[in-house]
Every structure is written in C-alpha cells, then in structure tokens.
C-alpha cells in the first residue's frame, strides 16, 4: 500500500497536483515561447520529457553517490552538498549538448523531431527544478527518474493544452491591448485555476 | 581551506572530464551541415526566444536557408541584421526601377452610384462574387479594403469608399495588385505624377450613366501632351507608363479633362480626403 | 397512395429541412408556353468550359434552330437561334453573375420558321457514339444548374467503367417546381431520355431519383417506367438531396471521393430536364432552344412554370407571370438555397436557368456579423461532413491555407450551413471567397 | 390600372435590390432566441431556488444579472464596441448561471466581483461571445472559490429547515460525527451541504467502520430531500427535479448535445458505484453523488455551454466522460468537496484538442499521401 501510494504520489503529483508549469510556475519561458503552434508544442514536449528523465537520472546519481554523504579525499572529509546547483548546471548542460550531438549523427529523424528543441531546454528552469526537487525530497535514483519523467509529462500536458487554446485564440478577435503575450498569460492563469482543483489528491 | 580547494578541484576535474567527452563526441559524431545555416545562425540574435514561431534561432536559420521563412520574420533582429542575412544568402532582389502602386479608379461614394443594398462579408473578393459586387460600374473600386488589408506596410488608405495609395509608404511589393478582384491596381514608376483614374473599358455613355468621373475617351489629354505620353486603349485613355518621358503636371491644366479623371496623385488624395470630411 | 409504390426511400447524412418550401406557389399549375417575343438576347457562353465560336454577324438573317455559334473544343457545345429573324446586335448585357457578358440580339420576324433540322434517330438501334454526337450537336448541357456539357459526362475515359445512370428529379430546392411539372406532364419524354442516355453509356442500371414530396410525379413515372426499363427511387425530403454526390450516395451508397468525379464510382448523373431535351434532340432533331423555368415567389402575381426560349429577359418572364403584386426586395436566378442574387432585370434566360425567384423585402433575411457560438448545427447540417463554422473563422482571419487543409475545396456551396446558422454568418460567401483565393494562390504557385 | 402602376416596381435600375450570398432563406433561430430558450430552461431551477431560499435568493439572482449585463455594457463602452451585444441575452444567461452557483447569503460585492470576473476575464478579454475558451460563469465561480473560500462555502438553510440548522444536520448525520461538529472540529459549517459532510466524514474517521458514516446522509428520506431540493447548497444546484426538467427542455429544443450530460452523469454514476462497491468506506453510493452537489447543474447547464464544449457528437462524448472522471477524482480524493467546476474548466481547456480529434472526416475522404494534395 505505502509503496503504491508512494509512486502514485510521485506520478499524479508531478503531472496534476504540482504541475511544473501551472502549480510550480517553472519553465514558463518555453511554455509561452513554443506554444504558438500545436505541432511545435508537441515536439517541445517530447524533448522536455526526454531531457527531464535523463537529467533526473544523471543528477540523482550524482547527488546520491557524490553529494549526499560526506566523502573523504586527500585526507579531507567534506560534505559536498553545497556544490549541488553548480554541479547540476554543469552536468545537465553538457548532457544536453552530448545528447544533441549524438542524436544528430545517430538518428536523423529523431534529431529533427527533438533536436532542434534541445538547445532551448539546456537552461530551462524546469529541468533544474526537477533535479533540485528530487534531491530535496531525498528520492532514490529510480524515484527521481520516475519523478523526472512524469514532471516532463505534466509539462507536456500543460504545453499541449495551452498551445491548442492559443491556436483557437488566433482565430478570435482579442481586443488590441490584450493580444499576444497578455492574453496568453491570462489564459495560463485560468488554466492554473482549473489545475487547482486537483489539490489534495496526494 | 582544504574544503575550498577540494571543491575547486572536483569541479575542475568534472569540467575537464565532461569537456573532453563532448569534444570527443563532437569529433566522432560530426555531421556535415549546410554552412549557410551556421552563417545565418551567427547573424541571428541567438536568444532562442521562439518569437518567430520556430524552435529557436538555429531552426529559424534553417528555415531561412530553405526559403520557408523570410529573414524579417525575426521580431528581434534589427533592420541591418535582416539585410545582412539577406545579403549573405543573396536573396535580395535588385529592383532597378522603383515602383509604387496606384489604384486607377476615381469613383468614390460621391461620384459613382452605389447600386444595391449589399449584405455580406465586407471584403472585395467576397463582394465581387455576388452579382459582381454592389457598385453599378463593373470596373470600379469596390471600396471594401481588401488591398488595404493585404498591404504589409499600411500604405493603402480607404478614403470615401476608395482605396488610395500613399506613395511614401508603398514599396511596390505588388500584394495589392494580386488581391484586387477588379484588377484596378497597377505598379507604376515612382516618378509618375499624373494618372487617368478610370479603368472601365465600356463605352462613354454607359460609363457616364453610372459614374461622374469616368474617362470618356475624349482624347483632350492626348492632344495636350507630347507624343507617346498617353495611349488610347479601347474607349479609354491610359498613361503610357513604359515610356521614358512621363507626362508632367502641366498636362492637367492644358488638357482640361471634362470629367476630372486626369489628376496628380496629390490632388487625387486631397479630393478624396476632403470629400470624406464633407459628408 | 404509398402502398402501391414499389420503390425504396433513401437518403444521405446531414442536410436541412427548410421550413418554407414554397412549392405550392407554382407546383399546381400546368406548364405554359411563352408567346413569341420581339427580341431575344442569347448569351453566347452558356456552358461550363470553352465558349462557343460565334458564327453570325450583325445583320445576318437566322432561322429558328440555326447555329449561332459552334463548339470550340471538346468541353463546349454549340448554340442555336431561339427564333427566326435578324441579328440586330452583338453586345454586352448583364450576366447572371453580375459581370457583363457577350450576347447575340435577335430581332424576331414573327414567323418563327424552323431551319432544316437534323434527321430523327432510331435510338434503340443507333450506335452510342451517334447518340452522343447528336446530344452534342443539339447543344445540350446539364439543365439542373451547372450547365456542364452533357456529352462530356457521357464520354468517360475508357478506364472508368460506368454502371449507374441516375436521373436527378429530386428538385430539393424550395420554390422550384420546373422538374416536378416536367415529370408530371411529360413522363414519356423524361423516361425515354433516360433510356437514350442509358444506351449511349451502355448502362442498364438507370434510375430516376425523386423526392417523395412529388407523389403525383412518382405515381405517373412508376406506371410507365417499366416500358423503358427504368427504375424509380424515392428520396427522403431533405436538402440538398439533389446534390450530385449526395444523390449518388442515396441511390447507390457509393461515396464519390473528395475532389473526384461521379465517374470515379461508376456513376453518371443527369437532370430530368436534360433527359427531356435529349429525347427531343434524338427523336425529332430539335436543338436545345427552350426550357421550363419556374417564375415564382410571393411578390409574383401568378407564379407558374413557363416554357421560355433562351434569351428571354427575366423582366419579360415576370411580366408574363402577371407582373408583381408587391415590391420585391431580392431577385434570384435559381432557387433560394443556391441561386444567385441579381442586380438587374435585363439578365436573360439561359440553358441552366431553373427558376426566377422574387422575394419580398420583408422576407429577405439579413446576414449579420455575429461571432460563431460553436453550436455545431452547421457541422450536423453539412452534407459534405465539413466543419463550416471553424472554416468560416479561418477564412475570416484570412488563413486560407488552413481552410484548404480543412477541406474547403470540397464544399458544394449547398448553403445548408448558412441556412441553419443561428449567428447568421455568411458562411457560403466565405467559402466562395476562400475557393477563389486558393485557386489564385495555386495559380501563382504554378507560375 | 393606374394604381397598379405605382405597385409596378420593375426597378429598371435595380438599385433597390438586396445583394447577398446564397442561401437567400434562413432558419428562424438566432443567438437571441437560443439564449431566451436557455433562460426558459433555467426557470425551474430559478423558481425552486427562489422558493427554497426566499428573498435572499431573489436578491442574489437580480444582483448577478444586473451586474453581468452592466459589466458587458461597460466593457463595450470602454472598448468602443457597439453595446448591442447585450441584446443577445448571453450576459444575462451568464449572470443567472453565476447566481445559481452562489450561496443565497453572499454579500452584494461578491456578486459584483463575480460578474466582473465572468464577463471581463471570462469572456470579453478573449474577444466576446463565441471566443471564450472557458465558461465565463465557471471562471467567476472558481475565481471566487479560490479568493473567498469561506464565503463561497457557507450555506444558508432552506425555508423547510427552520432556524435550527443543527437539528437539520443532526438528522442527516450519525452521532459520532455530530459530536465532532459540536466540538467545533468542523468549522465554517453554518449549514453543511451533503457533499461537504461526506467529505468531512472521510477526513475525520478513516478506516474501520467507515461505511456507517454515510448511513445518515443516505437514508431514503435524505434522498427525497436531495431530489426536491431541501438541502443546503448553491441557489441553483439544490433541486435535482428542477434541473432535470430544465435538461429536458434543453434537449427538447436541441440546444445542447445530449451526449454531454448523459456521459458526464453516467461516468460519475458508474465510477462512484464501482468505488462504493469495492471500497464502501471511501465514498457514498452512486445515487448520492448524482443528486447532491453541483453535478446536475454542471452537467446540464455548465458543461453544455455551446461556446466552450466540443462541436461534434463524438467530441461531446469524450468531453462528458472526461468531466465525469475528473469530478469523481476530485470529489473522492481531492481537497475540495466539489469537483464539478474544476473538472468542467479543465475539460474546457481540452476542447480545442478534442475538436481536433473528433472532427468528422469529409464526405468521400481519401487519405492524402502528400500534405500538398489539398492546395496543389
């Protein structure tokens, strides 16, 4: 029971209750930037899921085996926890870079589908967020990988929902002062209100 | 103290390690790409804002090179940067004779009978599909502003039921020419001062019945002007826009056009502007 | 009534049921023949395809049925003089689409003498090609509205096997009763025409599709149909039952592919009026110079069906129908759902003029610029299964590429969506505009 | 005959003829008539609310209607749009729906804020009627629920409950829970809604013996009260019979897609029945879920709003099932006792996607091998 509810908490929580975009307000930049068209939003979503999963896997490995416990090196015993953010940035950035390079060579169709979005994600705060959050919650490597995947899924859900609404708004006559980014933010706000209904699920 | 050293050391080691991996990977997995894409990417702002609708600058650069998007779609780029990109790709068009558009109709609301009670979409193409449009002249400006909406530079103004081109804004892209269902818009050399504001090929009596400012083909202007400046086409007169010596403004006074369809661009604009105010 | 009818009632999905069908205005009166007029203005280009080449000049004497213009190319038909007299002018007159068109003006000499007609054919023994040539020579086009040359439809490419000929007697347009009266009064001509068309195609499955609100016509045709080996199919009263693709679906359950032609599913559809004209052309050698047209509408004093010669100005037609009792607010060529509003009464009757409809000013409804409230009625009404409302929104914001992808080119402009739309959006006008724009864009691309 | 000449309008110039596109005839229905019919369908619920809550309810309904129409006029004046859009009655419908979603004792300024949220934020900011992706009344309700949780969840008794609300609650509820109420563990309840009580019950005593907790609120007498509307709650949501009558009127006039309420209510019924069957302590039986709370109001009047629901029948089915699922999830496991508003708002956001999936294939559709096929 507790095992199941633990994973339920991680998954449902990441997708609905603590949705990265609409509840935690992380990753707003690509959320607003790449939501004009549904197909680009879908591509971006795929890339985010991919990177978030991979990043949580690597960062949680780094965290659990390098930073969590004090280590002894050259006679000094230190807790390296304070390096967390710097290390995560370095690791994620090079990871994304590496993935991009390899994708371009190994799988051209996959690169065209995801690759072009990868540079956009390197500095995405949602990716950093997923790493630090799973570190903070003391997730194991498996936990945080699942957490990363479902966080990405939550991001994808919000992004795809939002882009489909924006596509419809393209056809409507939004009053001048509210056109563009302002109506997008208002829509996102109402969407966040709708997501608030899920609070308390876990 | 050792703590700090250790931190620096660890970061340095990791940094070098990751750097090496990426460096090796970059060598191992090198892919030949169109060098122009890289060139354009460098010229773009590189902020990956996604404002162009593409996923980042590199993707946008690719779309420019493949011709999917024009360089000026980037909302961040300055005009200089756009032209630099265009230059780098050699996609600029070397237009020798600079042209502007002119709407060859003077039949505004006061001059031409608007015949029917039109009820429908306010758009020239749509209107022309219903019994040819609500104006009695089958060749007159419908005045619903399709050209004005099509103009990316806001150079066409709707005045008193007539489209009028602002020469200083018009760049001669020809979008309006395409869109006009009555083919009233012509691209003419910028220095043209005088136009015959009528495009109807009908006979004079038929024209006069529906419009006060139609060209009735009296040829007074042809006689007043130099040889080759005007051309008679059917029942109407046209300025010979291809000729080297375009008619000067003096022609108007000399010709004393009986219907007043021979006008300079400036007076045409003023007439329409004032006519709109009066009503 | 219906117990002795041995036919099935079929239909298609979608469509609307116009509340006021107006058929009783003119449907009960027999067809009258219009008297000879002094002057006819025959529009030269009366068919889809290439305009015919003019053979006469001002001052020429012509006889009734004489060639005025000859076909120019395959998709073109000749044009014949409606009466004998003198060609008094070749001029531009207002066309049905509002654009001036070329017309031959014939001043009648009052004698109405026939020219030498083509010899009658024994169609039961004639070669199909012979029949097709005759149909072409008689200048016969689709008389339901499209004016597509009849012989072209009868000459499918060899790889398309045709196994169905359907005669369109649905007449689903409100107000119009021309086909109804024709079937009622000249059932033999219609059925024989059907048989002739069937022979020219080499098809044995010949059906006449009739909406079940024309019970008397169905009864008459059923009685005679077996003699010509023609089947009668009852169609549910539902607009647009007479649209080609919907009719084919109703009768055969075959779906004409989007962007395709009826021949892609082995079908050919002809109007019942066309069939009657074919009978005249084959059995008597008479070319197409007159047709039955409904003159109707509340303002018309005596709404009825008339046999008008080509080139009769509609103002004369209205006068013949007793003039008007009240001031009309709208004049329409064709039916109220698909007809074209006119701005002049000088338009003349053409081969495809099925009706002249006047509407009272108070009956004319106004399109409004309301927003779409997404009620979905248009989607249910669309006979082509398109989404008219969203399409209209795309076109309003000038996103023609989106509209093209959503299938606007498949629209048959039947008007069901705009009829039902509670926001009163001029959807059909939007679609016609989009079609025009998309055609222009593709032409530019080809350049 | 000379008199006839006057009536001989052959119009040689033709300049009095109307030019417009085909079709030249039209169905009688327009937006206004649709809205008036919706108002008609709302009447049973309005009267029931007025009767059961008395003058308070009349006040709220009037205030909301006036504020909504006023907000619409004000916006149109500010935006320079013609104020004729008021005539289509859509603002009035929004106002009344908003009122039906409020408790009868809310202060006037809450109505005002709600009206501004609904009309401005919910509708006009997106371009007015027809362009709003979210149901305006729901945007207002959810906005108010988040902003003023206490005001939005304090209820007044109906006239049949008398002044003593405690006795009413007691009649519905088993003693063990009632002790908690008296001890003040359940705060903010002046007159609890059945759903609220059920939710509190789950929280207070979880685990053993839970099914008995619901026995008080699921007696046949209680069900009858839910059916007629003798319970605490919003003005419009209490009387199941009035809402069902309204639903019949809407379906009769073909103003809503019947698939939406059917699938919505059906999904809630099936889901809560299953959960109640296997985990009786988690939630009350299905009938309780159907008759209480805003489910009927939401399923019949809010989810079916034309502008914010899918356009095709298939889309309506997906939409209804989605609404039902989310409602159940929130009601049973969520923080909020009621999930109808949130679920509909969430599904509103999904509508463009649903529309995309559920578009009909054009007649004679053939799968095109190239995308260019359409334009080339």
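For the reader, a short list of remarks on this structure follows.
By letter and in written order, the chains are A, B, C and D; residue numbering begins at 1 in each of them.
The rule is simple: contacts are C-beta pairs under 8 Å (C-beta built on N, C-alpha and C of every residue); 3 or more make two chains touch, one makes a residue touch a chain.
Bear in mind that the values here come from a model prediction, so they are computed numbers and not experimental data.
With contact taken as defined at the outset, chain A and chain B are each touched by C, D. In terms of the distance between Cα centroids, chain A is separated most widely from C. Between the CA-based centres of chain B and chain C the separation comes to 41 Å, rounded to the whole angstrom.
The geometric centre of chain A is 34 Å away from that of chain D, both derived from CA atoms. Chain C and chain D, compared by their mean Cα positions, are separated by 49 Å. Taking the mean of the C-alpha atoms as each chain's centre, chain A and chain C sit 61 Å apart.
For chain B, the set of residues that touch two or more other chains comprises 115-116, 119-121, 126, 129-131, 134. Chain contacts: chain D has residues 14-21, 127-128, 130-131 touching two or more partner chains. Those residues of chain C in touch with two or more other chains are numbered 340-343, 366-367, 371, 390, 396, 426, 429, 432. If the chains shown are joined wherever they touch, the resulting network links each chain directly to all the rest. By the touch criterion given at the top, residues 371, 390, 393-394, 396-397, 399 of chain C touch chain A in their complex. Interface residues of chain B facing chain C in the complex, by the touch rule stated above, are 115-116, 119-121, 123, 125-126, 129-134, 138, 149, 178, 181, 202. By the touch criterion stated above, chain B contacts chain A in their complex at residues 2-3, 6-7, 10-11, 14-15, 18-19, 21-22, 25-26, 28-31, 48-51, 53-56, 58-59, 62. On the side of chain D, the complex with chain B involves touching residues 13-21. Here chain C touches chain B in the complex through residues 92, 97-100, 340-343, 366-367, 396, 398, 426, 429-430, 432-433, 436-437, 440, 444, going by the rule given at the top.
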